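Read through the structures below before going on.
Two complexes, one shared chain (chain A), two partners (chain B, chain C).
Then we have the complex of A and B:
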């Protein structure tokens, strides 16, 4: 097959840090408060406080051995560990899961817009717009994605910090008390529910690490990048429960939007949901594009394609059509839950299985560098 | 290797026409194997006829035949294009010395047919520039560039005398990039003046010029300018390659070249920077960029261009940095206004009323009470009207243009509000928008922002804030993919490093800007030494 003339893309470790943080934050900042609070109640902030450092450390450990496989793609590492056929067969579901996740996100994003802004607009308008942007970004590759995120992620963080600060006057300590009312069990469930979100990041970073200039700096970059994300998620969770109370937060679907609607300082700072929406759009495009890119690359590698480009456009089109035609919004939410538990959570621990095996067999395996 | 064919007769005429028109004269270097070589005839009459045939006997073709020498008069022909070559200079420095020669300077040596050419070149013609040419096609081409040709009977060569001195404009103040503090000279349409202005500012042997001839019919001289050791050699080579690739009939301005060498010519954003100011041009060369000067254009091109460059002016570096920081902030806000104010107003009044404070909302509602159109129609009407007034103001001569602008702004604005076509707030919004577009220093960027405003307004009218977000993100994605000669268009902004941040949103004091921008100047990145900059006097040294 004729190889693409596209040069191998390179991103810096600083860009990787921002990218991993942005993918971690992505669409998570809207539903995470409700999801965790449904499980952990008022202790959800404590659950996130415990999960945060755990995720950061686990993320670092997951990528600790990457430099042993310089420029080797995820599929190549699977091939090293399990052999050519089995390795590809095992890697392919991960790629498909990422694509399915991206499709699910598109649908979920469309529902957020319908709930928050325009109830009468059909969902396909939003889904197609996001799919178009994410597809274009994924098509342009890792470098373009990194540059895009370098601009948008600080804006997303800044708006969320403003939201948390603006919610401070509504804060009520009593909404957090009593601590551990039903024992440590609910908090542990909340803690566990946060782990698949880390799995998503680990899988994405695993797919793009061959493009990082200095692979040795990768683990540190992932840790550094995840710290602001974890911090803002914890702060947002605390602000939402502090303002709305745990039962109310658990009842809502996207509690962050309701928090934004609630905020009003004087007659001027209000209607923050309309300001959050552009930021949410930017973050959604980041996450959808990241998963599309990583998924397309894994699928492309499994079928021996030199580049993710030929696969991105048809995959994005199929994913968008599928998510709009085959599933309803509620089904898609359950589907994303399913992916989280059965694909993203195992993905968090997969590196600890794949790399030792690959290391054992790497001496005999032929070197295969990433195609760009 | 190839053999040069020698031709005469009708075939030779056609070949002279092809060579003189520059059909195969793109770039420099040795002639191509397929380029015919047309020999100069030994008879003056044959050469005269060939020139007349090739050029079609134009009225500005000056031909002067005469004989010189006493014992064996030698017949010769002087040919030049009136208007490109100074006839007085030809008469004073060429014709007169030849005619007076037997009686004045060369009494000791008789002029004959065999030594006439050498006598002219070595002892008679009092000119600086003198070349011997054996190819008639090239000689005619040189004549069309302002050179005077001298043919002598019995000699199959000709002399190219003098040099191109076309009519030109004096060096004057730049009109499009005016400053309060700083030099006021601007480039002119004459390449040699432009190179002189650059040399004046960068008196270093590292300054390199490489001239190409582009345009099959125009044969426009185009100079690549760079600082050896400062500019990235790969970028210089890429500029050379792209210029050599151009195969077009004529170049009337640098804008032709700009579109022909861009990475993505279909992008609304220009990826080639242009300036009329020699100081700005030299400053970019010092940052490792490559300049392109085009004969006949007063706008010098600079590559690679990054987006940040279009929001900076040369005056930013001449005024105190405190003021520059403030001005850059205002400029940035004005740019956002120019792009986003009408779309945000449309989105807020159409979909997101809760974004607007109640008192202000009531005021807007009162103003719009008598307006029958939706906000987007109002906005489009006003923007189109303003563009028409602007266009009329530019095309009309001086005072009338200003009058039309003022009348357009005041009378039409007042009339449309009174007639209930648009609301008063919309007039304010559009006025602020247009003021914002004038605050963008680079005309190209201001025009691009104006252009992009329309789709954003339509998106805002259909999808509200989501539409604006989608439009802006699409723009951002496009910008992230855009490159100028291999350098990312958003270079400096992404990734934002400590070094690049000193000259983007702010302008750090000069002592702090020790290094050149990284993407353009990879070699010798140090702009000033570590010792450079003000130092507090030691105790006892104070005067």
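Then we have the complex of A and C:
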């Protein structure tokens, strides 16, 4: 039986909840402590505390309108809102951005492997390895990805909870004080920096919502699934600052692994980086695969290809080639920043533009049909 | 379909092999584990790095914990190298040893005071915090001796010097608290806090009765911007540990030569116990009435407040202890006697803390090693902003109140001291 003849993949709302949480966590937990602390200093935990509910409410509002378009893909909704040609032209950069982000993530993961574990291995080994795993997972489709995260995401969360709990005795609460020493500016910068991460999740969820078997339950599932992710991100950020101090966290390339290396339980259990790296790999593969899948789907739809699978393989190869090019570049961080600000942050607010427009236009079209 | 699955399987197998780092393998017999590192200055200004590396073959054959397992059989070797940077020096050593160095088990780094005085500590800390193999639990100690001399000393009970020093420091904190545990984490944390100064523990060598030279950890070295400015002796270090709440347990001896104070009065001025290497006693040959108290619980809280617009620090210490030895007829069963003994203990603890504070205020540059700056910064950010630029000078005249509440709750297995004529 050919793959193209398979029935449309369906995932449950529970799987959507886990998937959205896993994509939110993904590799976000790796750099977030350093990136946001660099901007917000000791107030970064407060910035995240503010960003979490804001994102949850925004996501809930945005996705509440989605059930008006059951089974309609992101590109189809863009077409409804802006017309066929312009809609596809506007949707295409989002798909490309997701693929570029997947490539950037592969590079970042390779960096972590090299810096934290195996410095003599060339970075392309890790980049290709992650690309291969993520590509294979994305090729298998949404169902396979959902089943994969059903196993891995609870493990990732559990390990991070253990990490935070084990770091608790190292906390120095003075590292969080005084609050808002330099006014609200730094905290606001940290808050703003957290929003593109939420934009990534919105974009991904938007792309796979047509696969949810009960679209009406989608918004609630995304909210519920995001709560543990947001909670653990805030706790991890607080743990890193509490144990290492804000200036030290901001100085580090990958503060989470430094936190893990710091932990000592008794005389013999020293450092938890050994259990961090496997879940880091699992979470990275999830996020890279999710972006590859969602990006391929958007690009495929833009070019009239109904099945995402034929597009995944060439796009994954192209993304890998891009990653390999990035491994030689030194401007990766700026590249990711560019994507964050110009594609992922707008993605958080895009539903508020696309869905009302699509609703208006579809109602007008219906009225014309009835009237005609 | 089958072909596709086979290809997918192959991809997964190869990628998993890649993630496991097959290219980067380090065979056990190609690694030289560094247990202790010593850093000093060469005459030309380079870093002189000494490493103590255990010899696995000899470690394996040392049997079940022989007393001379460490030094007598020379189960470790010491090698030195030099270079303009610490890393540069270490890279040269790989060519000499024929093995790659591994620092994951490096428990202790000994820095000679000349490196500490010329700001070389910054270079070392930067190297350690960048290099993924080092752990932030690694202890850094300062010594006035050549670190290689210490590396060559023979630990009596432990296998290696690093293990011996790490255990000595831990035990010293539990028993007497006369040394300071300065881990990489703590040093970097201190450097990130405005106004706080770095403190490192001190290590030295002593001659054993059997002729061996053994390392001893006592006292601390205080730094200002990575430059050594002065030392704290054992008692001052104990005061530092009390204020910072680092004490796990400590035996304090109360000299009661002047007798117990009356109930409710301040106790006699605390003296020094002969066991604490006292040379301040006017007549050390005459045994003095002493009570030894083991502190089971210390709790210290530092708070800032304003007095006439100026910040003042209050250090409140709660001490709980038990009498472990008494050469003085302490009326432990009378409330008045116990209360007076509590007063003597409080005075002793206060004296230790005051000595530590006074010493750090007397350095050429005021060195706040107690995180008082943090207390002011947290509570009064505006006041801190006004004094932060001149904090080191300000600290020299900072008013610090030490309030000790002592509570002796146990007297061990006996109530009263032994009295031959009872």
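Here is the rule we go by: the second predicted complex is superposed on the first by the 354 of 372 C-alpha atoms of A that agree within 3 Å, B and C clash if a C-alpha of one lies under 4 Å from a C-alpha of the other, contacts with A are read in each partner's own complex, and residues count from 1 in each chain.
Just so it is clear, contacts are C-beta pairs under 8 Å (C-beta built on N, C-alpha and C of every residue); 3 or more make two chains touch, one makes a residue touch a chain.
Keep in mind the model is a prediction, meaning the values are calculated, not measured.
With both structures placed on the common chain, the touch criterion links A:136 to chain B and to chain C. Looking at the shared chain after the overlay, A:125 reaches both chain B and chain C.
Look at A:231: by the touch rule set out above, it reaches neither chain B nor chain C. Of the two partner chains placed by the overlay, neither chain B nor chain C lies in contact with A:353.
In the overlay built on the shared chain, the residue A:165 is in contact with neither chain B nor chain C. Judged by the touch definition given at the top, the superposed model places A:245 against chain C, while chain B stays out of reach. Of the two partner chains, chain B and chain C are each touched by A:281.
Within the superposed three-chain model, A:265 lies out of touch with both chain B and chain C [touch as defined at top]. When the shared chain is aligned, chain B and chain C each come close enough to touch A:117. When the two complexes are superposed on chain A, the residues of chain A that touch both chain B and chain C are 113, 117-118, 121, 125-126, 129, 132-133, 136, 270-271, 281. Residues 113, 115-122, 125-126, 128-130, 132-133, 135-136, 139, 172, 174, 177-178, 181, 244-248, 252, 258, 261-262, 264, 270-271, 281 of chain A touch chain C in their complex. Of all residues in chain A, those touching chain B in their complex are 12, 14-15, 113, 117-118, 121, 125-126, 129, 132-133, 136-137, 140, 143-148, 150-152, 267-268, 270-271, 274-275, 277-278, 281-282, 285. Considering their complex, residues 8, 11-12, 14-16, 18-19, 21, 23-24, 129, 132, 135-137, 185, 188-189, 192-193, 371, 374-375, 377-379, 381 of chain C touch chain A. Chain B makes touch with chain A in their complex at residues 351-352, 354-355, 357-359, 463-466, 468-470, 472-474, 476-477, 480-481, 488, 490, 493-496.
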